[in-house]
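In the part that follows, the structures are each spelled out as structure tokens.
Heads up, the next two complexes both have chain A, just with different partners, chain B and then chain C.
Let's look at the complex of A and B:
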């Protein structure tokens, strides 16, 4: 266990400052904001999946009373290659914005839209990746059907021969050509060493992020500055990219993102629609609010990448994985984005430590909603695939299902990915063991007997992984003469409370009471340092380090000032209870308030009049804003760090499945975090529980449904998209944590967000398979109709592949 | 069609008596839209997939709301909310089938405002139709769902006639199973019709789900209930989610029992036909048989007889069979 007993803040619960507002409804989101004279914008979005605007006449729209202006694709810069654009004359999916109108209210704006005269010439489209790969299949873009990332990348065309396609669909052979590839070790040797080889196809559905708060934006211009209220996961990270998108200087942008009603990967940074009210406001000269509707959120809000793939895995007789060959066709939607497939490969490489592995991927563009990162992008889809496959291997090797996972579990000497780089630390075996104890695996397994009724029990185990940390970002703290300690957090308030919990590191260093700390966050006017993006489970590791660095800088300055005022050297001083004191003569001391005043008097680096050269321009602006107001501690995180920071999680699940209805109840659910030192126990519980619900959604409920004939999305509302409800999830989710400190974090902290979901997905898939005598669905989500079909042993007319799987129809079908 | 989210301009009428409502409905005829809870209204109007010149709000008419004992059973006002029905002790005592069905509609928030009349008279949830596409039901000349590539997992097994949409209601099959009657008012007075005859399929009228014509208003629903008759009720809804979802298939069953045998049976499913679908062969099979596993197996075999599945809804056949089995097995 991490030794947090001696910590004042780390490992202790606290109430982040936004909690009360959120539970009382007083918290303000962008759509709640109002500015005098504010106009409202509404968008016209494409009704067809691919087309070219050949005629657009807005004269009647603009003549309508109350209409103040319009913005079209001709008013904004075109996007590069396959990147998403603000407005377009060649929509690539149903729902892509084409023009926007600003008016006194939304009703008038929509009435104006209804008066627009627009002609869109239909172009070929495709919503299914495999159909696009087929010779003669349509390309989503006129420039190709494949998007290759990187500087040498761009749009390309890839077509498979009919034989290759049929081989892939019918599980005969993997295709020869891939776009992305990495490997290590000898696959040939790995499979030769294997006692058991399992080869399975799989499909995982794309689906929306389901943000409760649609991505609304309010913008206006004041005294040469552009003020933008938005809904983003990140705060400081947004600034340079938004400024770039708007074509303005960083110093001329004020960005306020105090609360974010859910982003889940879709609001990591600025998104194209943010620019619409900004440009309309500039054109018209009044503030403009764009409240994105629920339906539009499903169009422009991005979605998870869907997979259609095959995996071949070799197991030695002792259960260890000797080789993995993974091929994934990924549906990346209408625009660039989605590195999920390679990440899926990386997750397999660490979770199961194969002796040799090859990953190959083909990212295919489709005329469906744009894709982007969604919690555990790639890692969580593949977790759901791998859960039941590991169970098959255990059965074939006559091993316990926990044991086969223990044998392959990563530890601190483990390696990851194609380059087989190191990890900072890993304790997956301990997580599996803790989970098995909390779940009472041995007892439940022993009690599980063959059912003689339509109610059957299934036991599932899942593992999740995501990289969970980065380095090199900035921290900023400030002591003011009123005795307050201002903790400036550039971390966005995405709902995990990491914007607050990471500052606990600074409070720990400065040994101050939390009550005397003032958390500065949520607006660039609050003088916030440069931050990593708030995604990828990385904030806890990354910004507990940055805060540590800034607080350490402040601490050194505090001691130096004490030495100047009270005599001696800084090494002779320590701090406690917001005072700095001489270690040998404690009566020689100064309060933080006195130190802050002295820092102002001294100026220079003490007051922020000067600052280190290596801090980011965003941090430089922040320091300039607060220079002279107290003692400034500011630093870039340059602490040593090598290797991938793994966030790991384990889930055990017991379900009771009704084979007559295809419905099931989760009877027991245990979720274990392996995230180094637990920094905020209540926050961890929330992360693990929220991740579990989402994971249940991936495995059991959520999916895109597109009509392939018309390119139309079927589900553009909450009730159609079916995120799990309170009655679909367990009454209680038991959460545990391994709680062993990571050596590369000052307080041992790693992130956990994403694997909390992946392990639950895998456990549910594993439990469903277990309930049905090991039957694999090879597909997520597994819905009631699929279970009924499987039990009755029949397949729907179109599903002719002979198993409960048909890669031709899965990534976006009912 | 683009994605609208704000209603077009409309007039709003808020009568406080049935008489005034009928006068308004008669005068405005097809230019008016009746609204109570609004749960099947505002989606249409905000999306501008359907528009209206005027709305007549019925929820301010006191006589349209409430649950009371009548000489032959229970009378429920048209705008009585689903929550009131689910929580009614009278209904729980005499016709628990309807209480169960009401309890399974949508979500607590929707049940709190959604009315019983709105629930039975609601339009289909076929997503193509709801999207505003020009399908048969919307006055066009094709069915998007009934094509080789149509997404028709939720669509019908029975009664297809150009349109393959289904009735989404949970309370409608219960009312048909209970032998309810519906009172409809118009300028010529009140008319009573059996619940079973209230609903129409696309072969009768492809643009409507029921017989209500412009100018007509549902006033109340009467459900016969005789405490002296030994009745067994069964309701089950299978949906993807346990709350806030429409049924893939639901079943409402009313069995009159005498000396351990079924003397009269009503089996009704929604989610399989454009109107509540009576399983008449099952009903005939069950009569004079004891409820139990043996009868359940025989009845299950008849449950989906005549079903014509679409590409993606074969599972509904097994689901219907299983639900019949469960209803009789108890």
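Let's look at the complex of A and C:
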């Protein structure tokens, strides 16, 4: 266990300052804001999946009373790649914004849109990746059906022969040609060493992020500055990218993202529609609000990448994985989003430590909603695939299902990915063992007997992984003469409370009470330092370090000032209870308030009048704003760091499945985090149980459905997309943590948000398979109708090694 | 199960108000036959009782309560997420029953008592026991659905002060949370009702 007993803040619960606003209704989200004279914008979005605007006449729209202006694709930067655009004259999916109108209210704006004269010439489209790869299949873009990243990348065309396609669909052979590829070790040797070889196809559905708060934006210009209210996961990270999108300098942008009503990867940085009210406001000279509707949020809010793939895995007689050959066709939607497939390969490489591995991927564009990162992008889809496959291997090797996972579990010497790089630390065996104890695996396994009724029990185990940390970002703290310690957090408030919990590292260094700390966050006017993006489970590791670095800088300055005033050297001083004192003569001391005043008097680096050269321009602006108001501690995180920072998680699940209805109840759910030192127990509990709900959604409910004939999305609302409700999830979720400090974090902290989901999706898939005598669905989500059909024998699933790849199992079939 | 709060009754209320909304709203500003757009609608001044205070407010014939609360009365604690009766973010109490404000015609509630999240806190600043419990359990994550979750929970505890966890789960099932904070909201309801957690929740 991490030694948090001696910590004042790390490992302790606290009340984050924003939670009171959330329960009183005072927390303001973008659509809650109002500015005098504010206009409202509405968008006209494409009604067809691919087309070209050949005629657009807005004269009648603009003549309508109450209309103040319009914005078209010609007013904004033209597209020169497959990247998403603000507005377009060549829509690539149903719902892509074409033009926008600002008026006194939304109703008037919509009436004006109805008066627009527009002609859109239809172009070929495709909503299924395999159909696009088929010879003669349509390309999603005029320039190709494949998007390749990197400098040599861009749009390309890839077509498979009918034989190659049939070989892939019918599980005969993997295609020869891939776009992305990495490998290590000898696959040939790995499979030669194997006692058991399992080869399975799989399909995982894409689905929308469905944040509760649609991505609305309010913008106006004031005294040459652009003020933008948005809904983003990140705060400081947004600034340079938004300034770039708007074509303005960093110093002229004020960004307020105090509360974000859910992002899950879809609001990491500025979203394209954020620019619409900004440009309209500039054009018209009044504030403009763009409230995005639920249906529009489905269109422009991005979605998870879908997989159609095959995996071949070799197991030695002792259960260790000797070789993995993974091939994934990934649906990357209408634009260049999604590196999920390679990430899926990376997750397999660490979770099961194969002796040799090859990953190959083909990213295919479709005329569907844009894809982007969604909670564990790639890692969590493949977790759901791998869960039941590991069970098949255990059965064939006559091993316990926990034991086969223990044998392959990563530890601190493990390697990851094609380059087989190191990890900072890993304790997956301990996580599996803790979970088995909390779940009482041995007892539940022993009690599980063949059912004689239509109610059957299934036991599942799942494992999740995501990289969970970065380095090199800035921290900023400030002591003021009123005795307050201001902790400036550039971290966005996305609902994880990491904007606050990461500052606890600074409070720990400064040995101050939390009550005297003032959290500065949520607006660039609050003088916030440069931050990483709030995604990829990285914030806890990354910003615990940055806060530690800034507080250490402040601490050194505090001691220097004490030495100047009280005599001696800084090494002779320490701090406690917001005072700096001479270690040998404690009566020689100063309060933080006195130190802050002295820092102002001294100026220079003490007051922020000067600052280090290596801090980011965003941090430089923040320091300039607060210079002279107290003692400034500011630093870039340059602490040593090498290797991937892993976030790991384990889930055990017991379900009772009704084979007559296909419905199931989750009777027991244990989620274990392996994320280093637990910095904020309640926050971790939230992430693990919230991640569990997401995992249940991936495995059991959520998917896209497109009409392949017309390219129309069939589900554009919550009810149709089916995020899990109270009734779809366990009545209770038990959470535990391994709680062993990571050596590359000052307080041992790593992140966890994404693996929390992957392990649950894997456990549910594993439990469903276990309830049905080991039969595999090879597809997620597994819905009630699929279960009933399988039980009735209407799916080809006669053996326990998996179903035949059904050609109907296309990504968007419904 | 609380008789006043059955899902069937809740859903029936939503459907009834939605139908009314469509029938009046569609005739309002676009003449379907001519395509002509009519502006300058005469608005109606009505009195609403919100959080114990009478408020005079101009309301369009087809206006939904969520819009009235947010735009005309400045009560933005009531959130709009789906705007079609699927998610519960806009839940308010109307004569102590939970309703989706996005699907409730404002004109239909002019004689009723409306309570929003802003009306939970006492005049002296004391938080409602559910608000306090939600803070102590750190129930919200992103917080966008929290006002709706709170109002459904308030309705539950008013009629059933000591619900079982299962009853609370049923009563709140009309409120989506995309962060998946169901566990913490149920913990909040159990804490506010003076009940201990039913099992050892966590190894943390």
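Simple rule for what comes next: the second predicted complex is superposed on the first by the 799 of 814 C-alpha atoms of A that agree within 3 Å, B and C clash if a C-alpha of one lies under 4 Å from a C-alpha of the other, contacts with A are read in each partner's own complex, and residues count from 1 in each chain.
One rule holds for everything that comes next: a contact is a pair of C-beta atoms (placed from the backbone, for glycine too) under 8 Å apart; a residue touches a chain by one contact, two chains touch by 3 or more.
Computed from a predicted structure; not experimentally measured.
Student: Between chain B and chain C, whom does A:259 touch in the aligned arrangement: first, second, both, or neither?
Tutor: second
Student: Which touches a greater number of chain A residues, chain B or chain C?
Tutor: C
Student: For A:199, is the partner it touches chain B (first), chain C (second), both, or none of the two (neither)?
Tutor: neither
Student: Give one of first, second, both or neither to describe whether A:736 is in contact with chain B, with chain C, with both, or with none.
Tutor: In the superposed model, A:736 contacts chain C only, not chain B.
Student: Which holds for A:438: it touches chain B only (first), chain C only (second), both, or neither?
Tutor: After superposition on chain A, A:438 lies in contact with chain C alone.
Student: Touch test for A:701: chain B only (first), chain C only (second), both, or neither?
Tutor: first
Student: Touch check for A:318: first (chain B), second (chain C), both, or neither?
Tutor: The answer is neither, since A:318 touches no partner chain.
Student: Would you check which partner chain A:114 touches, where first means chain B only, second means chain C only, and both and neither mean what they say?
Tutor: It touches chain B and chain C both.
Student: State whether A:685 touches chain B only (first), chain C only (second), both chains, or neither.
Tutor: Touch status of A:685: second partner only.
Student: Quick one: is A:710 in contact with chain B, with chain C, with both, or with neither? Answer first, second, both or neither.
Tutor: Touch status of A:710: first partner only.
Student: On chain A, which stretch or stretches are contacted by chain B in one complex as well as by chain C in the other?
Tutor: Chain A residues touching both partners: 107, 111, 114, 293-294, 718-719, 724-727.
Student: Looking at the complex, which residues from chain A come into contact with chain B?
Tutor: 42-47, 95, 106-107, 110-111, 113-114, 293-296, 299, 454, 660-663, 701, 705-710, 712, 714-715, 718-720, 722, 724-728, 783-786, 788-789, 791-792, 794-798, 813-814
Student: Over in the complex, which chain A residues touch chain C? Could you list them?
Tutor: Of all residues in chain A, those touching chain C are 13, 15-16, 18-29, 31-32, 64-66, 107-108, 111, 114-115, 210-214, 259-264, 293-294, 434, 438, 494-497, 672, 678, 681-686, 689-694, 717-719, 723-727, 729-737.
Student: Looking at the complex, which residues from chain B come into contact with chain A?
Tutor: Residue positions touching the partner: 1-9, 47-48, 107, 127-128, 131, 133, 144, 147-154, 236, 238, 240-246, 248, 309-315, 318-319, 322-323, 325-326.
Student: State the interface residues of chain C toward chain A in the complex, per the touch definition above.
Tutor: Against chain A, the touching part of chain C is residues 29-30, 35, 37, 39, 70, 75-84, 86-87, 89, 116-118, 120-121, 127, 131, 134-135, 137-147, 150, 165-166, 169-170, 172-173, 175-184, 186, 198-204.
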